Structures are given as structure tokens and as C-alpha cells.
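So the structure is just underneath, and the comments pick up after that.
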């Protein structure tokens, strides 16, 4: 297994093409379609795994990752407000990005594990969907305070029925109801093409990340340091949570990756509406410009190595 | 033909795609009875918005209403949106048939 | 073979997401692309089957399904005008929807049969293309009368060179000319991915159907009764026609399904132009909101059961 | 610079996407010499048209012509389209160079 | 509400999609501070441009500026683009808040 | 191996549907997505081949095809100015189209060779990317003269970082870095679906070509003669160059096809900006309306036959 996974190479290609100001641009509808595909495929795969095991143990796991998301958001807020000297709104919005998760990072991690034949718990997809949400609510509470007359109903609706969560949970429900045998007929599309589609998607991600360079330059060194340090801290929290939950090495790696990842779809959209005074360029420069490339290029192997050490030590 | 066109005001708004649902809800709350939306990209004081992905896409909203209503809505936009969102809005004098519709 | 075919689950997922007002929305270009794919794939598969058999027996079959379409349209018009008390234009437009066919329903039925290894006549795809058309012309004649100076040339052009018929017939011609061996090179796309693409398409159909609920509520009980009763009546007509033509159980099932299905693409567009005074919300609420879900959820297994009984009795 | 702009009238039509081919044919029959079309969505008295699929998509047509031609076309639209189609149309006074073109 | 809207001029350009990058560069060189772009199709003296593929697609650019600037840019377009490109451009009088922005 | 390759049949279908004025239209985003796919897939396949051989011999080959492109452009310009009586701008722009290459024609040729199990040199993809460029620069020089203050920097940027060249070179770099084993995980998308995607793409090409008929009628007989004669002449130049470079029969066929092909994407866009006074309808009517169909229907088999004769004679 060489390091040069084509999926990563596609990302680097997009990044370089963007930095060289190539005219390369994928149609917007293609990017949206690839996102839909990846979310559904991740959901289906997770759901099909859940079909063969009891669901009860899920409940403590769900509770644990909600706490994990809340903790990450609070820690990030503290770091950004204190040493980072961010304003309240910017700190809260950015913290919400880091307390939530990135589906693309998760997809790269599952592909990385699959390429090494490392198994992981099927419910990771449901944890992924769950972890998208709490940071959004905490971030808003941090920005506005809880006393204010925020429309929590509308926010909850938005958080739980946003595109990402809907597709993940819908895919899981389908996978669970159809089971591995039922999915054979759609396997040719959703499973066999997964890595190719992920590659194409990461090409576009590379192009998008390349556009963050300008904002990153304006935001200064602290954001870069935060964008590298926060995922490491979060990964450790994720590993700890995973150990408590008794996850396998694959599950530990994925939970660390989830914790380390920062949202760049669901959270920016939610924060733009709920905390409009926050500057979206800052949060995106951090989560897309620093943390996403760091995680997929260096983080995942590192978290896997840590998971192996911890799993060895704890067993 | 013997057409009697009536003056109305067209309010055009260019802003971030991400606010589409909440802005349209606001427009209706502020009394607008119809609108037309199209996808767009652009550049302004908040930098280039090139629609490469949803975060950087714009929309262009048009709504025909009475001069009074148009000014009211414009004022609301200034109060609630101008400070925090990439947004441009302007009024154009237009003529319609069926004045009761707008 | 469990009932929970993933293709149906995708439809239900879209329906539920839509009813819960999720923000889920597929890009318009994706929906159009999936339609193109399905029409071509159905055509190719039919054409490749035709390549191995004589074409002469087709002629009476084509004549029979034209009559079937005309008969359905006239019966539907009678029911809508009489017991339904619909205005002339609305009755004619809605009757045209029910006299024509739905490609999505046909695709689900072929997938249903394929999952059970039930063979069917390859020319069903050509009958599908043929059956799109006559109801449109009859519907217009019912709305306007035949004396009026309708531009039948333009209408014929539109009916025969619309997107759906063009892609079906083009696909069949290609499949027929290339034959099963020639198609091996494009099989990976058009045949192996068929069910996955159909699943994604039905997700969008579920979303679209969910938007019919409001219109359905306004249209009243008669439309719901018609949307359930008309396909049953049509299916019986289809079964009768299929028996006369000597079709296999698979062919009977498909012809019944075709007859029972109601158009929601070609006919609405044609009626909107030719009979503009008809309210499109009524016809769509019936064909999309009632008949389409009924057919794919309950109709197809029912028609297959009826076909088995009839084929057993007649042999 | 010494530009002499000339007044013309811009007719803007928002309507159902399904009528695009026949409406454009009609516009040409009514003497329009050029037009621009873009995809749109919207809401009006006939409900929301959110472009989720072709049946519920809108288009937005613009055509520059003389005031007289614009009024004639608007009258034709009122006669042939307003009753049965989701449609809004309005006139705007604009200025162009090359008046002979419009 | 007590709004003071200020008059500005909206320059709208419809032209070939292929010139988008170079035309936007030119607009900025000519002093335009913001613009909005949308995809379009259409028909004119250079035939139908139906957006079937990139070569035959149009774009529609809008830019709000002072009357003076708008006329200057229109003049530049006439000089550099009208002869060789499928292009239509026109001016509309509009009103904005925040006059300093345009 | 029958002549009726489905890929060609899809092209003919699009052409006929277009000529009959069918309403068939593929979404623009689909066309763009298919282009991206084909360019990446061609690049990946070439790059993976390069991974297993030394790169040094590439240098003379690159030099040779640059000369080939320049020579073709100059000859085409001479023919168009002299016997064709074209104006300077139109002659230069059209010559640039014919001096450059068409990716779609190349893709059809590789599929044609693959269907017959004829091997070819992997570097053909890099030569394809290289050959896109020189004709553009020569065409501009012919239109403007070299003395004028053309912004060669911007032009070079545009030529080398245009979408086509970027995707081809990026795909090659990924294929080269990942190697055949690395690409296994994305093979399901990029290699197994190649011919199906090419078929769909050619359907759209057929529709586009059908729209050139009007322009072709206006442009007169000389353009048709040029559109048939120039590729033959270029193919001979390509075959000669290939013989000098010691290519296999497959490589000879591809180089002849590349030389014979005329650009319809990169060059039109570049010429529209750099030589705006040229009428784009003329060049496109030639390259799309005459040369493209000629090459894919008759040219490729002919060039292969010539390559076989020459390879036999020279060995």
C-alpha cells in the first residue's frame, strides 16, 4: 500500500491547479451530485452493517459523541476567545465548525481503512450524522447567549433536516431495511464507484481549498496554529471517547478523525443565518484551508497509529 | 390596442445564496406577494463570489410591488441584512398591466 | 426476495424527507441526466432483444396498444366528465395523462421482474414509446374538438420527437443495430448501473410526489378514488390486450403496468401548450400523487399476480 | 466621450418554462428581433414554482424593442397567455446605442 | 421610514460566455467596482445562441455605477466589443441606498 | 468486430435527432461533466502506462509533435488564404483549429483500437495535451503578426492552463504517480465506464454537429472540400512523423488521427478572444460539421489501414 493513494493525488491536483490559477472548474451541479452520492453511499454502507447487529448499544454511543461534540466546541471557543483574541461571534462560529464534522474527511478515512482491510463499526455513519448537529446549537448559544429569543425550533429543524443529515440518515435507514442482500442490486453504483467518485470530489475540494489561501494570509498565524492544533487535541478526545466505548482500532481511528475534522458545509450555512455578524471567511480559511488538508494528508495515518498504540496498551 | 399600464416599482436584490430561504420568508412577512429568483455570481466589496460551491454562490431576487412597499422592504433590508451580508439592492420604476396583482 | 426493494425504499425516503420539509433537493441537471440515462438504458435493452427475433409480429402489437391507449383515454374522460363532474378541459387533460404511460413506473416494473428472474418480451420498450403518444392526440381532440384548426403537424412533431420518445426509440435503434455483443462495451454504464440510477431517480420522485399533497387535499376525494380505480381498470384492459397478443407472464405484467401507469412528463408538457385552460395541478396530483405511488408500491405485484392467474387459466 | 443613447423599452416576462418554445415563436411572430432567456424560480398567485423539476420551473425573458412594439407584445400576452399561465410581464424604460438594432 | 434613495445607473450587458474572463477584467480596468453575472441564452442579429454547449452560451452582466461611469463603459464596449461579438448593452435608471458604494 | 460500434451509433443517433429537430437536449452540466470525465480518464490511462517505462524518449517525441502542429497550421493557412480566398483572420483562426487536436476524436480512436486489441504507446495522451497548444500560438501570430503587442504571457497561460490541458496533464500525473496498482480503486469509475460515457458524450456531439448544417450551407463547397482534404493531408504528416519516431501500428494510427483531427473546444475559445474579428461559425462548421464526423466514421479505419501498410513496408 503506497502512500500515493489516487484519492489524495486528485486532491493535490485540484490544489495545484487552483494555485496556478488554471481555468479548471467543475460544473456546480456535478459537485452537488457527487456530495449526494457520497452521503448516500456512506449511509447505505453503515445501515447495511447495522442490519446484522443489535441497536441497543447505540444509545450510549450517541450520548457520548454528543458530549464529545459539545466539549470540542467549548474548548475551541475558549482557545479562540482567550489566546486567539477573536471576537465573540467569530469565536463562536469558528468553534462550531471545529465541534462539528466533515463528511469528506470521514470518506477519505473510510477509504484509507478499506485500502488496508481494516474493519470498523458500521454505526460510525450514524455517529457522523449525529455529530454534525450539537456544535451548531452550542455555537449559536455561545454567540447569542441562551436567554435571547432564538427560534430553537427552526434551528433544530434546520440542523436535523439539512441536506447532509437527511441523506446520511435516509441512506442508513435504507441500508438497514434492505440489508446486505437487498443492496446487491444497487451495489454497482453506490459501492463499486465509491472511490472513483470520492476522487473526483476531492479534485473539486482541492480547487476550493486553493481559494482559501488569500483569506488565510489575511487571517494570520494564530488561525494556522489553531487549524493544526485543534484537530490534534480533538483527535485525542475522540480516541479517549472511543476507548471508553470499546471501539476497534478502525472505529478508534474513525472517531478520532471525526473529532479532528471540521465542518465546511452544514455549519457555515447554519452560522451564516444564525450568527450573521461572524465573518465566514475566517472559519472557512481554518477548516478548509488548514484542517481539511492536514487531516487527509497527515492526520488520518497519525490517528490510526495512535489508535493502534492505545488499543495495544488497553488490551 | 388600448393598454393602460400602471406604474409599479421593481426591487432587485443580489445576495448570498445561503440566505435564500430566510430572506424569502422575510420578504413575505414584509408584505411581498410574489418574487422571482435566479442563480448568479459576482464581485463586490466583500470580494468575488464565483459560485464555485454553494458558500460562494449568489442569488438575484426580483419583486414587483408598490413604490411604498418597495421602500419599506428596502429599509428592512438595510436594517437587517446590509451590515452582515454581501448584498446589493436597487429600485427600478416599471409599468405593468393588472395593477391589482402587485 | 424481500418486499423491501431498495429502489422502493429510496422512493419512500424521498417522500418522507419531502413531507418532513427537509432541505434535501437534488440538482435539476442530475434529475434530467438520470432521466436521459433511464430512457436510453430501457431502449438499449429492448433493442438488443429485438435484434434476435423477427420484427413482423410487432405490427399487430403496435396497433393493439394504440387502441388500448385510445380506449383508456376515452374511458377516463367519460369517468371524469360524468361521475367526476370535471370541466371539459380538465377532464380531457387528465384523461390524456391516464391514457398515456409512465417510464418510471415501467422501469420499476422491469426491475421488479428482473429481481425475480421473470423474462419478458423485448419489444415492451417499443410499446412503451408508442403508448406515450395516442392519448395526447385524443386528449387534445376531446378538449378542442377535431373540427377546430389545431396544428396537428406541430402536435405530431412534438409528440413523436419529444425527449422521451426520441431517447427510447434512439436507444432501441442502437441496441438493435449493435446487438448484444456490440453493447458489451457500454454495458458497464447502461446495464450494470441501471438499478442504482433508478434508485436515485426514485429518491427525487419521492420528493416531487411529496409536493403533490397540498394539491391533492384541494382536489378532493373523487380524484383519489379515480387515481386508484383507473389504474385497476386499465390494468385489466392491458391484461386482456396482452392475452390476445399471446404475451408471457412477464409481458402481461408489463403491459398491465403500462396501461395502469399515468404520464407525468410528456403529457403534462403537451397539455400545457395544447389545452392551456386545463389546470395542471389536478392532473399531476392524480397521476403523481396517487397513481404513481399506488402502482409502484402495490400495483406491480398485484398485476403480476393477476397475470399469473390469467396465464394459468388460458394455457 | 460623446455618446448618444436612444430610448427603448425593455419587456421582461417571467413565466412557466414549459411554454418557452411556443412563446419564443409567438414573440418572433409579433415582431420581436432579439431576446435573452434565463432560468428562474419564484412564487406568485399560482403558488410556488421552485424548479424542482421541469414542470415547476420558470424562465425569465427579456426583449428590447420600441415602446410601441413592447406595448403590442404586452397586449398579446394579456390576450393569449395571462389567463392560463403563471406569468408576470413588465416594461422598463432603457437606453441603448445602435437604435436601428432594436 | 425615512429613506433617501439616490439615483444611479445600471448597465446590463448580454454577450458570449466565452468572453466572461476578459470582459470582467476590462470592466474592472474601466473602473467598475462590482458586478453580477448570470448564465443566459438568446437570439439576436448573430443568430440563436441556445447554450447547448459553451461556445453558444450567453452571459448577462449587471453593474451599478454612476451615470458617467456607465456611459464611459458603454462607450468602451462599443469601441472594443460591438463589432466582433454577439453583444447587447443598455442603461437603466435605478435608485440605491448607500450611494458611496457605487 | 462489426462496424456498428455503439459509440458511433450514439453519434449518428444524436445527429439524426438533431436534423429532425427533436426536442432532445442534454443538460449543459452533464455535457461538461462527461468532458471532465473523458479528459481525466484518458490522462489516467496514459499516465499509468508511463509509470512502467523511461521518460527520456519522450523529449524528441514532444519536439516532433510540436513541429507537426506548427506545420499543419501553416499549411492549412496557406490553403485557406490561397485557393480558399479566406480573409487573414478567418484563415488564421481556421488553420489553428486544424493544427490543433480533438479529444473526442482521440477518444473514439482509442476505443476503436481497444475493441480490436491493438496496443499503442501510453504517451499518446501526453502528445495529445501537447498538440493542443502550438497551433493556437501560431494561429494568433498569423492573424496579428508577431510584431504587435500581443500579451503572449496571458495567451500562454490560457493555452497551458485551459481546462483540457490541465485535466489531461493532471490525470497523467496522477496515473503516473499512482501506477496501475494504485489506480485499481478508481478503475471502476474511470476505466470500466469509459466507453459508456464516451457513447453518451457522442450523442451530444451528434446534436451539436447537427446544428452546424446551416452554417455549412452558407460557407460553401470549399470549406467542405477543405474539411475532408486537410485531415487526409495531416494524417499523412502524422504517419510520417510516427514512422520517424518508430511508433507501433497503434501509435501510428493514433498520431495520424490526432494530426487529422481539428479542435472544437480549446481553439475556438482562444481564437474568440485573441482574433475576435474571425467568424467563429466558419471554423466550427469545418471542424465540427465536416472533419469530426469524417474522422470518426471513415478516417480512423482508413488511418489504421495506412498505418498497417506503412508499418509493414518499413519493417
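Note that the chains take the letters A, B, C, D, E and F in the order they are written out, and that residue 1 is the start of every chain.
By our rule, a contact is a pair of C-beta atoms (placed from the backbone, for glycine too) under 8 Å apart; a residue touches a chain by one contact, two chains touch by 3 or more.
The model shown is predicted, which means the values in this text are computed figures rather than measured ones.
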- prompt: What chains touch subunit B and also subunit E?
  reply: D
Query: Looking at C-alpha means, what's the farthest chain from subunit F?
result: B
Query: Measuring centre to centre, with centres taken as mean CA positions, what chain is farthest from subunit E?
result: C
Interface with more contacting C-beta pairs, comparing D-E to A-B: D-E
Message: So the centre of each chain is just the mean of its C-alpha atoms; given that, what is the distance between subunit E and subunit F in Å?
response: 35
Field: For subunit A paired with subunit E, centre-to-centre distance based on mean C-alpha positions, whole Å
entry: 40
Query: Which residues does subunit F have that touch at least 2 chains other than itself?
result: 23, 25, 27-29, 32, 193
Junction residues of subunit D - those touching two or more other chains: 38-39, 92-93
- request: Give every touching pair of chains, nothing left out.
  value: A-B, A-C, A-F, B-D, B-E, C-D, C-F, D-E, E-F
Residue numbers on subunit B that touch subunit E, as the complex places them: 12, 14, 38-45, 58, 60, 71-72, 74-75, 78, 82, 88-93
Message: If we count contacts the way the header does, which residues on subunit E are in touch with subunit F in the complex?
response: 16, 18-19, 22, 47, 51-57, 83-85
Task: Report the residues of subunit A in contact with subunit B in the complex, numbered from low to high.
output: 25, 28, 31-32, 204, 207-208, 211, 264-265, 268-269, 272-273, 276-277, 280-281, 284
Contacting residues of subunit F [partner subunit C, same complex]: 2, 4-7, 9-10, 13, 16-17, 20-30, 111, 115, 192-193, 195-197, 199-200
- line: Per the touch rule above, subunit D residues touching subunit E in the complex are 1, 3, 5, 8, 10, 24, 33-39, 62, 64, 92-98, 101
